[in-house]
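After the structure tokens below, expect a handful of questions from me.
A, B and C label the chains in the order they appear, each numbered from 1.
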Amino acid sequence: MPEGTLCNKQPIDTDEQLKALLGDKGGKVYYEEMKLLEVDQEKLQDTIRKTMKSRIKTWLKICAHCGMCADSCFLYRINDCDPKQVPAYKVQSTLGEMVRKKGRVDNAFMHMAMETAWAKCTCCNRCAMYCPHGIDMGVMVGYMRGLLYQQGFVPWEMKIGAGMHRVYRAQMDVTPEEFVDTFQWMVEEYEEEYAGLTVPVDKEGADIMYTVNAREVKHYPEDLAEAAILFTIAGEDWTIPSSGWELTSLAMFAGDWEACRMQVESVYDAMERLKPKRMIGTECGHAHRATVIEGPYWAGRPDGKPPVESIHYVEWVAEALRTGKLKIDPEKRIKKPVTLQDSCNYIRNHGLKEITREIMSYMVEPGYFFDMAPNKEHNYCCGGGGGFNGIGLYRPQRNKALITKRDQILGTGADLVIAPCHNCWDAIRDLEEEYEIGISWSFLKPLLIDMVIVPEHMKPEE
Amino acid sequence: MFNKILFATSATEACDHAARVAFAMAEKYNAHLEIFHVLGLPTRAYSQVVIEVKTRERIEIDEGYCDWVKEEVRMYYERFLEKLGDRYAIEVAIGVTHREILRTARNTNPDLIVMGGSTHHLEDSAYRQLITGSTFQRVSGAAHCPVLVVTRPAASFWGGFSKIVVGTDFSESADAAVDYGIKLARSLDCELSLFHAVDISGLAMGQVMIQDDIEEKLRVARKKMRYRYLPKLEGFTDYSIDAWEGIPYMEIVKYTREKQADLVIMAHHARRFEEKKDARMGSNLEQVIVRAGCPVLSINRTVGRQVDAEK
Amino acid sequence: MYAFLTGPMFYLSLAVFFIGLAVRVILYIRGLDWKLDRVAYRAHPKAGLKGALRSIGYWLVPFGTRSWRVQPFMTVIFFVFHIGAVIVPLFLLAHNMILKEKFGFSFFTLNPTLADVLTWGVLISAILLVLRRIALPEVRILTTGYDYFILAISVAPFVTGLICRYHVGDYSAWLLVHIAAGELLLILAPFTKLSHIVLYFMSRGQLGMDFGIKRGGMNGKPISW
């Protein structure tokens, strides 16, 4: 069975393999090899038989082919209503075919399925809200990604991402030492300005265990400082775990369920070890989904919950503002048109729609907040979800997909888009880069830092 | 004083004046020079593509590419490098410019960071807000060593420091800047001028300050400077102390020109988060940087504290 | 022939229909896997039930969901079709007489005019469903022969019923065809997409539990379908 040296069915488990794959510029060799990759039809059929249970089977079977899901998909709309972008078609022509053909599909088919799974669906689950039968094409595409990953038909960056989680338990090559060191460095950098700023590492029994996105550590460590500052201002008893600090999961985008389990267990281990009262994750949507919503199932937890109560950063912010732990200087509230990006992963898929709006009511001067249309659980994907942002091969498709969000933002007339989600933030940054509509965008933390009242004891002496 | 210098550069014309100073300093003071270039930030979330700071092209990063960039940097500075022998290294990093400069400085602990002028037009528009304020602000605000900025061509006609001006507003960090200036002047055998500007710019809105009041203030300032700084200058003769009135940065620039100084030292004491808000106006320090005819060295609180500790 | 269709065949088709659909339901429930579906069905029965009922309920109400509201044409023809398709067979006077005779009980009966209207409604909306399938590219691409077949066997009893109702042609022959069509529908239901008669409730219920338990149902305001 021909398998490439870079493109094959083996997951990445060592640093050397990672380096080798990273060294293949843009995945050139990788994709060349993919053209020759054989489909293990028996394994495919066997996996489908073992893992496809009544839910997905029934969905595939009873789909009325009514097309009511078509208009719900932003990719269908933005691609001039191309019928091939109808959610039901995307799934029927890929997963449906695999099942009907009992796994006897060829290389060309798998290439088509790969493009469908990663370039024609961001797993935003919006279509699930528009299908009368309650068929969730996002879930099915997610399932299919698992099959494709197993067969080695997965975009280069996704394979790397999943490999990172396997090797580093983080989406980038950041070691626990580097994480703690960077956090401490950031706190040092800001302790002059915020007296008493510290970062408690591995403190047992704290009220809050804070987890992050490795990209913050690598490229935007200010975010770590900002988190520390806000926790300190709010007087929270918090800590970071020296291992198990990565909230995200590119493995989820890749469909590498084993890596998903490994990643999320590292965080749960930290919870068991430090026994915090709660876990709070940074402003990231897919990460929250991976660790808090889906994670318990990968780890086999029958109650579907992480070991300790785990909340998204927006939940903490809302709570802190509501209870007055964080107080906003009314003078400093935002006084320019603002809109809010609803992240699919914790708005549609975790019901936090009211909470984010509550935050807006504290932060934005009345009359300056403008919701997108549609919004809340009916909001469109930012355009870069599900791994779309990161895949070079599908960059043109991704850029086109950004137009949906661009026009939604333009429709609000807002100057500032608040995006408490790394993926959305990236997508909005990219859309500004691509289409230059003159907006700015931000996480909550920097905005809050600018407007919260710093208690006397934290003000720098002088 | 300068054993290890970190020269952060875009390896483009924008940094040419700074380069001349950095290389001349390394040569003159026998320092080791680390030439540091930041490639840019991956554009796609976790992809390997960055927008090159230098060419603004989208490129895919890999080791080969980094090596190629290092080679490019080497070629760009070839004629300077000859004089340094093996006392230099070229490093390339991927990320947000100010953050990577600070990261490498934290690892290598240089005595000085040298930076070029505003590379604002080179920074990708989409990142501009990320790097609120300039890269310089961010670096000089957080660095653990003085940061030297060279922006104007005039500033590069440089043959070693001989006349140093230190601007003070009597703040804690300004005192540290004075301390550093004295130390530098002593060790490099320079002429030192301590200077204070009485700020009358706040009176722009039709008000006038009575000249007597101004002169009284000037007198007080000179007295204060003597009182504060003379004890520190013990044994050092080649100094002068002055106070002028006006818009502080303008006065510093004028004073520097009159003194024919080749280095201005100032404190960086704006708080980072506040700085963001009126980044357009910029601080006195930034105004001096873009106007002065010589390099400007900034000292922040952290460095100030170190200088204190050494005493 | 008439005796066969109204005798053994009648009982057989009803048995196949009910047992078949019951088996569908049982298999569906047994095939749920909390780990693979990633929904903790058992751990949170209350949230699950609430989610399921909301999910099923809202979608049974015409214009009850955003999806129904944004596609009013489809909503109207869908509900006209389905209200007729479900109500007429159960509550038609003639059908109730058979029930009374065979099983000794009957439901309340439909006003004959209303029954006519509903039946014509089924027919007209079925035609519109077909036209919609042909006219809209996003539906055309999904449509297969199988979809037309399902539509055909669904409307066949109604068409033939109307023919009998208006005594067009040979009444007793058409009556036979009508009965046969009805029984065919009953027999095929469990084995085809028509099993959605029960699987709709399963599938919607499942998604409702998914949202009710895992995807935010226990986290503030429930989802607005």
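Everything that follows uses one rule, which is that contacts are C-beta pairs under 8 Å (C-beta built on N, C-alpha and C of every residue); 3 or more make two chains touch, one makes a residue touch a chain.
Bear in mind that the values here come from a model prediction, so they are computed numbers and not experimental data.
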Work through the pairs of chains, note which ones touch, and then classify the graph as line, ring, star, complete or other. line
Of all the chains shown, whose C-alpha centre falls nearest the centre of every protein C-alpha atom combined? A
The chain pair joined by the most C-beta contacts is A-C
Which whole number of Å gives the spacing of the CA centres of chain A and chain B? 40
Can you give the whole-Å distance between the Cα centres of chain B and chain C? 77
By the touch definition above, chain C meets two or more other chains at residues none
Of chain B, residues touching chain A in the complex: 41-49, 60, 62-65, 95-96, 99, 102, 106, 124-126, 129-130, 142, 171-172, 271-273, 276-277, 301-302
How about chain A: which of its residues touch chain C in the complex? 51, 53-55, 57-59, 61-68, 70-72, 76, 81, 83-84, 86, 88-89, 92, 128-136, 293-294, 296-297, 300, 302-305, 348-355, 376-378
For a test of understanding, state which residues of chain A touch chain B in their complex under the given definition. 22-26, 157, 160-161, 171-172, 185, 189-190, 192-193, 215, 218-222, 250, 384, 389-392, 395, 422-423, 426, 429-430, 432-433, 436, 440-442, 449-450, 460, 462
Using the touch definition up top, name the residues of chain C that touch chain A in the complex. 27-40, 42-44, 55, 59, 66-68, 70-71, 74, 78, 136-144, 147, 193, 195-196, 199-200, 202-204, 206-208, 210, 213-217, 219-225
